[in-house]
Amino acid sequence: MQLHLSTWPEIETYLQTSTGIIFPIGSTEQHGPTGLIGTDAICAEVISKGVAEATGALVGPTINVGMALHHTAFPGSISFKPSTLILLIRDYVSSLAKYGFTKFYFINGHGGNIATLKAAFSETYAYLDDLKIPNADRVQCQIGNWFMCGSVYKLAKELYGDQEGSHATPSEVALTQFAYPEAIKKAPLSEEVSHQHKIYGAADFRRRFPDGRMGSNPDLATPEHGQKFYELAVKELSNSYLEFLSAE
Amino acid sequence: MQLHLSTWPEIETYLQTSTGIIFPIGSTEQHGPTGLIGTDAICAEVISKGVAEATGALVGPTINVGMALHHTAFPGSISFKPSTLILLIRDYVSSLAKYGFTKFYFINGHGGNIATLKAAFSETYAYLDDLKIPNADRVQCQIGNWFMCGSVYKLAKELYGDQEGSHATPSEVALTQFAYPEAIKKAPLSEEVSHQHKIYGAADFRRRFPDGRMGSNPDLATPEHGQKFYELAVKELSNSYLEFLSAE
Amino acid sequence: MQLHLSTWPEIETYLQTSTGIIFPIGSTEQHGPTGLIGTDAICAEVISKGVAEATGALVGPTINVGMALHHTAFPGSISFKPSTLILLIRDYVSSLAKYGFTKFYFINGHGGNIATLKAAFSETYAYLDDLKIPNADRVQCQIGNWFMCGSVYKLAKELYGDQEGSHATPSEVALTQFAYPEAIKKAPLSEEVSHQHKIYGAADFRRRFPDGRMGSNPDLATPEHGQKFYELAVKELSNSYLEFLSAE
Amino acid sequence: MQLHLSTWPEIETYLQTSTGIIFPIGSTEQHGPTGLIGTDAICAEVISKGVAEATGALVGPTINVGMALHHTAFPGSISFKPSTLILLIRDYVSSLAKYGFTKFYFINGHGGNIATLKAAFSETYAYLDDLKIPNADRVQCQIGNWFMCGSVYKLAKELYGDQEGSHATPSEVALTQFAYPEAIKKAPLSEEVSHQHKIYGAADFRRRFPDGRMGSNPDLATPEHGQKFYELAVKELSNSYLEFLSAE
Amino acid sequence: MQLHLSTWPEIETYLQTSTGIIFPIGSTEQHGPTGLIGTDAICAEVISKGVAEATGALVGPTINVGMALHHTAFPGSISFKPSTLILLIRDYVSSLAKYGFTKFYFINGHGGNIATLKAAFSETYAYLDDLKIPNADRVQCQIGNWFMCGSVYKLAKELYGDQEGSHATPSEVALTQFAYPEAIKKAPLSEEVSHQHKIYGAADFRRRFPDGRMGSNPDLATPEHGQKFYELAVKELSNSYLEFLSAE
Amino acid sequence: MQLHLSTWPEIETYLQTSTGIIFPIGSTEQHGPTGLIGTDAICAEVISKGVAEATGALVGPTINVGMALHHTAFPGSISFKPSTLILLIRDYVSSLAKYGFTKFYFINGHGGNIATLKAAFSETYAYLDDLKIPNADRVQCQIGNWFMCGSVYKLAKELYGDQEGSHATPSEVALTQFAYPEAIKKAPLSEEVSHQHKIYGAADFRRRFPDGRMGSNPDLATPEHGQKFYELAVKELSNSYLEFLSAE
């Protein structure tokens, strides 16, 4: 069930049986010479829709831009400052908490979002408490990182070994190929790629990772792999969401 | 050409021939008993893609949530505070201005966004100037409200007369029916509907417009109408975008 | 009745019969070679006092600075960032809403304020709601732009035709001449003046409009014209204020 | 010379001989049963105009609202939060510093503004430095509190002794009577008045000072006294301003 | 009693007999060629602990960084912007006010903190009021500047006369020598030292006061003097704190 | 070498051989019935001083308060909002980056700080870039969590097994006992303790963890254990700091 394809009376009805909602959150950032700039948002979105179908959950509109300041030396990347993203999350959650939503599950496609999301959750709990929203102390936010699912991680290791890397990975590229087969990109990739993990500012990032990849070989990706990743992530995150919903 | 389905080298190439980008901006808000909560985002998104195809423009990811505080007494509506939306626009535009983008065209589906967008543009011009971005004084932002296109307005008048109203209108509902025929909703509508235009806070709005409509009869909408609105809006906004691009 | 010339017990008494207040809001910005930098504030102030006399309304102190970032390439202009002006309005309205004021009428002399004011109103309604102020959902803000009064517009057209322009207009200059006949300025005006309406950043504005005028010929202004504009604006805005006061 | 009654070319000319500007800053706050709510702004404004005449200085528009949160349990008081006033000062000073103004002299009518003004100056110096404004390290801000002038203080002591008090004082009331003889208010004053100086929050203030006065007897004020205070303050602050202008 | 060396049940117990807490607040800023960068924090901390012992008060952790923007042209100085320090104070006070603390006494070692602290207190009272904290209107904040104690001032005058100066003073240096005899620094001091008091931005400060001292001769300091200053300050501020605690 | 016990010329000299600085960051929060409220700050501080001695590093003043909103239902806890802590870090780092510091190493005692610190680092890199600080793209921030050192973790497992828990742990309590043997607290501990790891808002936290412990048995702590943890952490973090310093 998609929030954007629902009416307000339908949401009113939904709230009688569930107070949970899923938000896909991605990023708009470079993913190497062949990865799509929308990779993280695309992955989060398709998996979220899969989880929503599997669990009957409501899924909100995709948060397309995230915290990607370190990618902003590559044309096309857009980033929130962390302080902006904190306010965005506060506004989303507080809007919905007033109607009775209490379980906010963010299916996340971008590692760089995690810290700011967690900071945002803390900021938001305190904000809701300050507002004296009736159920403020029942509101819970949780992140489900599809790329950190055990089954996803295991498959990526099997398929790609060390060439999975940590940015513009074949696994995420595969998933976008599955979702948008018409947008599969090819370009020559340098064989050399840095296997560092250090991330500081944008200029520093580009010096370390000149073509945007972090230790990855996205040439290994196929749409068929992408489908498998999709299925594994949907299954694992569906369980995670249902557990989150039923937990105290 | 979609930013999300492009790679960063493709954007680098694009910038050699154009420094323009289109952003669809909508809202996540109630649209009466039968209108979709995503109406404004859906309309902005499909029209933006149409304009991008017609003009070769780059289109960024949809800004799904807007300034809809007055709709937040209806379950499912999400709103930014204006101060948050200003920061969002600042972050989007300043991220891209650093790469050389100078023409930002926001195809807008929600009247409530206009004032805050204009405030955000002013805030952003000054911010870019403070940052001493090389082309700061060449950055221009413009809003294209599809629902205010002359041809759209005229057709709505012809088809619906006074029953067009000003929120949850048959024209925007029609456009969503064209875009998502599988999500056409039916529900009994009260014959009485307020024809006021006053908008203040959220509780006040719900008192004035109990089911969310403002003077509209969305029952008149059909997917066929939607297609016509789509075509008119794409045509008119394509011209508007090209004129914006070429203007000094 | 002026807030600044009243005592607090008088305000307490006033609130027993009216919960309305008028704020003049102008700007401190260049108005071409001969227009006063305080033009917008002066116009808003004198008209507000006229409306207050005509209606028995309370009038607050003039907001002398507004959103005029695009004028800040001309010496003497002062501007708030939109984000600052939003906080200013929030502080004004929330201070007074706590005492029971509910109807805030801003008589505005500057087009550039409109978008930010509207954004500020939305921000403020939500803020009052968050504060749980007893009458939060009854607070209403409205803008009365004197220069957009039908009767004013009509007279300007009659007197000046196309030479009215859209900034440093003879109508506003005339009104300041009526208010401050001792400060009538003369300077040679170039015959050429741009008739564009595009407004982006400050440096861009000065390129388009080198002497600050937008399509206007302020030489046509006379104090006698000013008096007529004054009388028309006071009459029309007095009606508008009274209607606002009595409306639900 | 008043900024509001000048044109931008006149300011451009003024800057060739002086880079100083005076801003009157007051407050909109209760001043006891008979003192005007605008007292602090009125005093600052009339003295500023006097100083400007005496020294040839440029005087900007009056900042009518200040930091008066502790007065907001009395109807009619309006206050900025300190964080808002800091932004206001930053916007004023940075707007003008870009044109070459370097000496900002704030003639202040309200003790409650002093701390926030000083904080704002520090914030602003750092902001200008961040912006890399050419003359950032030459910008200086100074406060001239008319009520703390030695000559003013001495006269108040002579005329009123202990009945001068510290808020709604006869000296400031006298000055407003001189400025606005048509707005002299009379009301019975309780003989008892607290001589405390403690100021915390708004509710606490009203408990301590039920009618708004702090140890003062404003009944002693006369317009003639007001004229003397005016003359003394203008003389002393004119010297202070000139010294500020010429100091390194 | 130190907050950092207590458990939460001990604080719960403490609150049954006292709702007061002391916070040492200093700065991290240059203190001339021989003064410690931590001088202001060290002084505030040792005196606070002395006052806490003398009065049974609870003392919180030291606020080590303050508002020292004007010292930031000397390596090692760290400063909050005033707007940051305001938020810090708001967070400290509001955290504790929720448990029932009402009397916040800041023992301050840095003149540059005073204005921002006072602004922060006003901001905080209003914030607590907005939050509807039960005892919001009983919360009181007060500053105790050890260096402005009458007895301290008198001794400094006796010992150092004009060579006390106003920054990097022998009195504060003496106190740090008493507290950290192992960190007594020696360096040649120029005989010339400016006796100005003007403080604007950081670059300006360094031009006026090239080695960081303001009119002082810290060579006169001895640890024995420091002990005397310590004892005088502890005694005077202990009385001040107790008076604050018992006052309405 | 301690920043607080140094002079500015000493820092100038230090910068010629190293551009690194260590900041201890802790928290002021409940640590169960017997753990000190200052536990996290104390641990970070003593270890930081140890690392500074071992490596010749400069160590700044302790950041005593952190992000502990979830602990604020226990008297004595103080927390920054994440948005405040982000500004604090920005101010610290940008103050020092202007002098040439480039390597900021935060020795952290509180898990709840990690997310906000990481968000703050991203915000700060972008801020420094906006300021055009010469070495902006060389500034690096890193967190060293003492409690996550491999050797520390291993010893805790050996000594306490499952009774280590995740808050108010015997290992951190032991370290404070080593640092402050005079402040060892005893109190009866319930045998039952929740082994959950879920953390949401403050009220929720107290419901889950009524006495503040998370699965821990701090009774097992001894000062001797504390010394061992201290030595292991100093050794491991010294290596980590030196590696950070020398890394590109």
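Think of it as A, B, C, D, E and F in the order they're written, each chain with its own count starting at 1.
We adopt the following convention: a contact is a pair of C-beta atoms (placed from the backbone, for glycine too) under 8 Å apart; a residue touches a chain by one contact, two chains touch by 3 or more.
This structure is a prediction, so every number in the text was calculated from the model and none was measured.
Peer 1: In degrees and to the nearest 5, what turn takes the CA positions of subunit A onto those of subunit C?
Peer 2: That pair's rotation angle lands at 120 degrees.
Peer 1: With centres defined as the mean of C-alpha atoms, identify the chain lying farthest from subunit F.
Peer 2: C
Peer 1: Out of E-F, D-E or A-B, which pair touches the same way B-C does, with over half the contact pairs the same?
Peer 2: D-E
Peer 1: Taking each chain's centre as the mean position of its Cα atoms, how many Å separate subunit B from subunit F?
Peer 2: Whole-Å distance between the two chain centres: 46.
Peer 1: With chain centres defined as C-alpha means, what is the inter-centre distance between subunit C and subunit D in Å?
Peer 2: A distance of 24 Å separates the two centres.
Peer 1: Going through subunit D residue by residue, note those that touch at least 2 other chains and give them in order.
Peer 2: 72, 81, 83, 132
Peer 1: Subunit A touches which residues of subunit F in the complex?
Peer 2: My answer: residues 67, 69-70, 72, 81-83, 86, 112, 114-123, 125-126, 128-129, 136-141, 198, 200-204, 207, 247.
Peer 1: Applying the document's contact rule, which stretches of subunit E touch subunit F when the two form their complex?
Peer 2: Against subunit F, the touching part of subunit E is residues 2-12, 15, 28, 30-38, 41-42, 60-65, 72, 74-81, 83-84, 87-88, 90-92, 95-96, 98-100, 180, 183, 185, 187, 212.
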